[in-house]
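In the two assemblies presented below, chain A is common to both, partnered first by chain B and then by chain C.
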Partner chain A sequence: MTDVVATNQTILVVGGGISGMTAAIESAECGKDVILVERNPSLGGRVSQLYRYFPKLCKPSCGQEINQRRIMAHPRVRVLTMTEVDKIEGEAGNYSVTLKTAPRYVNEKCTACGDCAEAISAEVDDPHNFNMKKHKAAYLPTNMAAPQRYVLDPSIIGTEDAEKARAACKYDAIDLDMQEESLSLNVGAVIWATGFKPYDAAKIQPYGYDRFDNVVTNMEFERMMDPFGPTGGKLLRPSDGKEAKKIAFIQCAGSRDRNHLKHCSRFCCMASLKQTTYLTEAYGDDDDASATIYYIDIRAIDRFEDFYQKVKDDKKVSFIKSKVANITQDRESKNPILHGVNTEGYHRYDDEYDLVVLAVGMDPEVKADEIGCKVAANTSGFIDAHADDAGCGIFGAGCATDALDVNRAVQNSTAASLKAIQVINKTAGAEA
Partner chain B sequence: MADEKKIGAYICTGCGIGDRLDAKQLEMTAQRDGKAQVVKTHEFLCSADGVKTIQDDIDNDGVNRVVICACSRRAKTDAFAFDGVTLSRANLREGVIWVRPDSDEAQETTQEMADDYVRMACAEAKYLDVPEPNENHGNNLRILVVGGGITGMTAALESARAGYDVLLVEKGPELGGWMRKLHKRIPDRAPFDEPMDTGIDDLVAAIEASDKITVALNSRIARTSGAPGQFSVDIATESGSTTTENVGAIIQATGFKLHDPAAFPEFGYGNADVITSAELEELASAADGGPIKRPSDGKEVKAVAFIQDVGQNSTEVGKLRYDSGAGDLVAIKQAMYFKHHNGDDCDTTIIYDNLRTPGTAGEDFYRSGQRKEVIFTKGAVSKVDAAGDTLKVSFHDKILDEDTEMEADLVVLDMGMIPVTGPDPYATLEIDTDDDEAEVVEEEEKEDGVEAENPVEVSVESILNLDYRQGTDLPQLKFGFLDSHFICFPYETRRTGIYAAGPVRRPMDIGQAIDDATGAALKAIQAAENAQVGRAAHPRSGDLSFPTFRKEGCTQCKRCTVECPFGAIDEDEEGYPQYNEGRCRRCGTCMGACPVRVISFKNYSVETIGQQLKAVDIPDEFDEKPRLMVLACENDAYPALDMAAMNRIEYSAFVRVIPVRCLGSVNTIWITDALNSGYDGIILMGCKKGDDYQCHFVKGSEIAHMRMSKIDDTLNQLNLEKERVATYEVEITDIERAPKLINDMAATIEEIGMSPFKF
Partner chain C sequence: MATREYSFYPGCSSEKKTSASNYMVSVESMCKTLDVKLNEIPDWNCCGASIGYAEGGELPRTVMNARNLALAEEDSPGQDIVATCAACWLGTRESHERLGKDETLLNDTIESLKEAGINYEHKPEKNIRHMAEVLIEDIGYDEIGSHVSKPLEGVKIAGYVGCQTNRPFGIHGESYENPKYLDKLVETLGADPVEDYDQKVTCCGGALAFSEPEKSQNQIKKILESAYDFGAEMIVTPCPVCQMNVEVYQDQINKAHGTKFHIPVTYYSQLMTVAFGGNAKEAGLNGNIIKAKKLEEIAAK
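Up next, the complex of A and B:
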């Protein structure tokens, strides 16, 4: 990695999800040098785990293809995967950054031919599928992986499988001696786009995510729809592999809740409305298929209201204004049973379902006050972009700054790109 | 005289290609059929050594048409990147060996497949040229911002802070827009608990102090012509003078107007004490720190009701199908005005259906309102009446599920936002024509099968007055907003170099408008910078090619000028197309439209594709080896087939897949030629069309479907079955379906038999 060149004219983008990819390529296409670091072995981030986007119901990998092609072809963007920021010091126009790159055990000679995976038998959990599925310990992260290069799971290093993988590679691409590397750079501005992680559903004790098989998260539900996901694109419930047809969605699972996330995560209402359309996709007009949404407020903001109206017109879908009190499980059928009160008229309910989807919210992947360099955190740990610290050259982008939907995250990242360019141009002007 | 073309074909035997295919045979094919002057085989072509072999031939042997016979064009792009030469890729890995079984009986057809891909890549190479930047590009990097509200001011300041000159045009006598009328704004920083000052005076002062920003007040855009990097704009002032300015890119930040509260008489607007939330801002400012008084008699307000989403979120005629997005936060802010100025005991009730206070800021501010004892009532208001000295608000309480009423001194209506735009160039619906000034815009001609602009009566004044063949203003999306259609690309625009920002793009609050303005400024700067070097804008960013046409052959049919999804092509007095290269997005829709095939790009033309399909070896009818052609969108269908290969999903060995920039670029001559030369089946794979279209060139897929609907005539003339040509919408995730479509076509051909046109 000695060939990574950076100066105080370089923008460092931290995070290779849609926000980071956007910030990186938009900056590069303005003529700026960019280093894009991503912790995972592939670009893509959270959106690559989604099956469809609301409200168009289009596929995230379509935009991902365009972004990755732009990034990979652009001479001004340098992508470093499996890389994290270890330390960051300095001020706008002059940051010293230490990056840490985990060993991939596969070098740039890899042709993605797949012989290494073929040669070994060890399997490991696949985090892309929230560990609902396993994959070979030598693997290509996803069909859309960029860079298109295999990875060896560290757990097999030192085992016979690692040797088998190495021996199977005709191109000398497997390097079992790879070590963690550290790299120090000088950059002018930083765009922090580390995104979100789904709130840990197990913390919502009354909903029994950790106890009941048939209680899943909204992100896991997305993976179930993917033909290459854990259930082969079918809505099969975890307990017995039967098709889940009667499905409940619990909104604000963790969000708008003093005990969990204080904030509203913004995207989850639309995500659940979108997910009700998956039932139609899976079951057509089957009368047994139904979706019930338990909600506090349906936040279909501005022109998304149109989508909400469409879902309301779907006779499969019903709405109950209620914060669900708790979930129990029928011992025999393993069906989850929701208990609570419908606040529109105060009716008690004990409703049984095949599957419950918790609309869990967004937690910042990295808490803003852990970034350093005076980056300010807001009350939920996101980056407070408007805190009084005008001299700072570290700009939040996307869900690192707030719970945002994809469209707004990209909007925000495009803005962050200009903020970073302002710092770079100012530094260049001062030196000219 | 152009340099002599020298084809170098490089065959990789790595990744199992050498095990599965006869490389010697491929070499011979490249030499004999492909007319490659240099043919080399390498066991690991993407290695440093393999790449060096190619680079050496380029440097020392004059190879300038490089043909890589290895993996997909999507793989190893970093290794196979050579300057100053053209690149063709024969997809032997994902396109052949990974989709075919490794068996003896499959061997012959698999090898034929590979040989054909080598022939096709060489044929393409022969007709490719290295694009050179267009010489007719502008160098202007100045940004024009139209609209002097918070969005426009932010766009101007942020552009200036990045070092760019700005011209800010405002139709009114002062800067500030709606922001100037506000008493306070919703907080934008932690702890998000109190309304904050708007800071408008500081903002205006910063603009006035900037030596990079020129402000034109009382001014409008009388005419806009040109392209990114070289727009020419006439600025007309109220006094009648006009000046011409040159700019590189444009941001339209013309904001919104409020929906008319008088249109909803049930809410009692007309009664002096029923006001809009905008009017309350003025009332709050007028109170000057003292208690807010009601307009009718100056009595201090002790009870106020906020009615949310008036005339919004409804499909009823005259109502908006969306909401303003910010109305509930505004109501909370305004309720706090009363708590601050009229005392804690002033009753403030917000009647809402779904309260929308998203994000961290929204929810914190909502909680702050709750702490201040603002009352939130889920209900639907049916009526507001005068009741003696006060107002009576009748509503259905949705929690108690009963009809009830409350009294208030003042009622505040949350009205929706309507974007301030010019006429939609593609409007097909008749809109309000009561206005005397309505002008009728007639489309002179309607092309067959093209969704041409219908005659539309327009009562809206143009904002940009674009001197474009396809209308005066930015195309609209839903509900009149100038939004992008793409979730991943909110700044996608159908008029290159012109970006909408703020509530004209989508309903939004101040915080989002500031973000949006900053993002739009980035895109405007980028468009101007790209224009300066002749590079294409998104999604073919960086592409240096541009369309040219052979005037002698042109019949002035205007199909290209009508069908261009980006309004890039104008017409001269004689009706010949006038290309504005800076506005072009390189999709090739014009090339697909041209009936006489005079439009081409240096690196993409009727020949680069047409010669590929002609290069395929068509076996004799009695060989029982049909040939199928797939024209696949390079962004979605082609990657889907690639990913099918990565998962070893097999498909017919009789198919030959050609990636195209967009189905819109598919010229029907390719179909006709293919049918005439003996292809048995043809499949077009493009993106989703219709309202929720996914085509990144907007209309490409739609247009292709229309063009293909008329291919039946051709089939009839040739006496061929119509099943031989099929057009599909294919998503990038159709990893299993795309191969199935191919196999289905193969099965169909088996059923209906071979084409008789094999010579």
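Up next, the complex of A and C:
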């Protein structure tokens, strides 16, 4: 760790998701030195949890691989995983930053052969799959993990399993004595790209996410389609493992609601429209498969209008203009039942489904006012990019600044990169 | 001196010969064991209840509650006000919050009460609490459990929370769709809670039991059915109106729907009194129309 070199001409990028990776590549390819820190053991962030992108329906793993290769190969980018910013002080052109790196217990000799996982029995929750499944306590975070290196869960340190894992490693890659490390750096500018977390669905109590097995979130639904996910790529109900064919999507679940998130999260309409195509993918022309979207208004704006029209033409998909009042559960079948009023005609409904997907919105992963150093927060806790503070060299990128889809997050990160580069150029010019 | 002391607002349903007089009897027994002293507000008046919201108007409703607040402060300065009735608690707490936020309403209220020779001074720090809050927050499950001498073993009890202790204020930290405090209390007393009871926050119909009997009995039927489906032998509630509605209309519902509902509906304080070793009389079990036989048996042991 001592070989990390940084100066006031270095850009620190916080967060290794799609936004942070974009900002890091853009900055490095413009000739700037970059340190990219990521709290998780792997780069990839939220995008790595998605099954398909809208509107083209391609798989994120493709672009992600290209990004990861560019980053890992670039001599100007230094990646530190399992690392968080502990403290940050200073001003544009001169920040002192303290980083904290959690022990991975696996060093760079790891070849990702997997012998350590084979050797142990302890299992822990798998956060990549929203804890819908467990994995071994010696694990590769995802198949696409960058770096391709195993991690030992701290819960097994000091147990027999840790010793078994170490003994199983042919490459001497397991180091059970690793400790948390602290690192102080000097950097010129910071790009803050800590992204979003899905709004806590349990808080939307009338929808019973905390009580009913067959009420899931849109992000969990993405994981279900992944062949390596908790259901092996099938749309199976959590309560009984049966195929879910009649599926409801509830839009604005916790968004545009003064009791929850006031803002529109922008991506959820398109995400649900996209997810209706998963039914065709899973069941082909099966007449029993259907998707019903409960919505306030569909916000598929601009170039997404075509996609919306295409979904509307799908016989499997229907739309009900209504904010669902509450969900109850049929005691025998565990089917969720949606209650509310269809505002087009004012009809009450009590509609039963196999599975309900809550289109939950975005909360900032890190609240902007907790960052410090004059970073301004907007009313939803994201970084306020419009608060024009000339002294601030910390620039928000991607979903740290607002609820954005991937496309807009990437554009936003490119802009953040340019702002950071300007600070560095100014600093360099003043010194020359 | 008692360990804990509160200014107490019993409310009309707790008066002698009214529907919840047995609630009051059991609360007194319960408080004796818990060493809680209740200082009844002298000459307290009605909280306005549903009429206050329907026809009474905001000012009269607020003035009535403010009168109780002023009398409580005069009699027991600085003490939290505790109500056993859900409606009394809700009305008093809501009026108190409104008075803190609406200056015109506050001035009008002060003016009105002056006419009656009462001086209302608004104290924002005053807490208006339901007895359930006192039990959970001040006393706690552990201490309650330590007084249990006759655990209610083998009795399956559905915790019916109702609406007024649940919305809009609720019990701090509890979910308002699935509050669990009654279940925890039932468990503390040695009985078996019905964890999956899915009608625990369904409205009992409240005052509509008189004006819209069909609709409110439809609600009550759901509350009873679910308790039966989950094998409950008894329902427990923190609210006098919930207790009354769910208990007394069982016969009418049976007649209308051909059902055979016959399930006792008790107060938490009755369960506690029996579990604390009190007899049937101390627990006010004679006031239940549908006899809580299991409790009577345990109390007689």
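The rule is short, and it goes like this: the second predicted complex is superposed on the first by the 431 of 432 C-alpha atoms of A that agree within 3 Å, B and C clash if a C-alpha of one lies under 4 Å from a C-alpha of the other, contacts with A are read in each partner's own complex, and residues count from 1 in each chain.
Operating definition for what follows: a contact is a pair of C-beta atoms (placed from the backbone, for glycine too) under 8 Å apart; a residue touches a chain by one contact, two chains touch by 3 or more.
As the structure is a prediction and not an experimental result, all values here were calculated from the model.
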For the overlay on chain A, clash or fit between chain B and chain C? fit
On chain A, which partner touches more residues: chain B or chain C? B
Considering only the touch criterion stated at the top, classify A:53 as touching first (chain B), second (chain C), both, or neither. first
Regarding the shared-chain residue A:177, is it in contact with chain B (first), chain C (second), both, or neither? neither
Touching A:285 in the superposition: chain B (first), chain C (second), both, neither? neither
Looking at A:417, would you say it contacts chain B, chain C, both, or neither? Reply first, second, both or neither. first
Classify the contacts of A:210 with the two partner chains as first (chain B alone), second (chain C alone), both, or neither. second
Partner chain(s) touched by A:332 [first = chain B, second = chain C, both, neither]: neither
For the superposed arrangement, I'd like the angle with vertex at the C-alpha centre of chain A and ends at chain B and chain C, nearest 10 degrees. 150
After superposing the two complexes, find the smallest distance in angstrom between C-alpha atoms of chain B and C-alpha atoms of chain C. 20
Dual-contact residues of chain A, meaning touching chain B and chain C, are none
Which residues of chain A touch chain B once you look at their complex with the stated criterion? 18, 25-26, 29-31, 53, 56-67, 69-70, 72-74, 109, 111-114, 140, 143-144, 147-148, 170-171, 226-228, 256, 262-264, 266, 297-306, 309, 321, 343-346, 376-380, 382, 384, 386-387, 402-404, 406-408, 410-415, 417-419, 421-422, 425-426, 429
Per the contact definition, I'd like the list of chain A residues that touch chain C in the complex. 205-206, 208, 210-211, 326, 328-329, 331
State the interface residues of chain C toward chain A in the complex, per the touch definition above. 175-178, 198, 229
Can you tell me which positions in chain B touch chain A when the two form their complex? 14-16, 44, 46-47, 71, 74-78, 81, 158, 161-163, 188-192, 312-313, 315, 321-325, 354-364, 367, 378, 398-401, 478-479, 481, 483, 485-491, 506-508, 512, 515-516, 518-519, 521-523, 525-526, 529-530, 538-539, 541-542, 635-636, 639, 643, 646-647, 687-688, 692, 694, 696, 731-733, 735-736
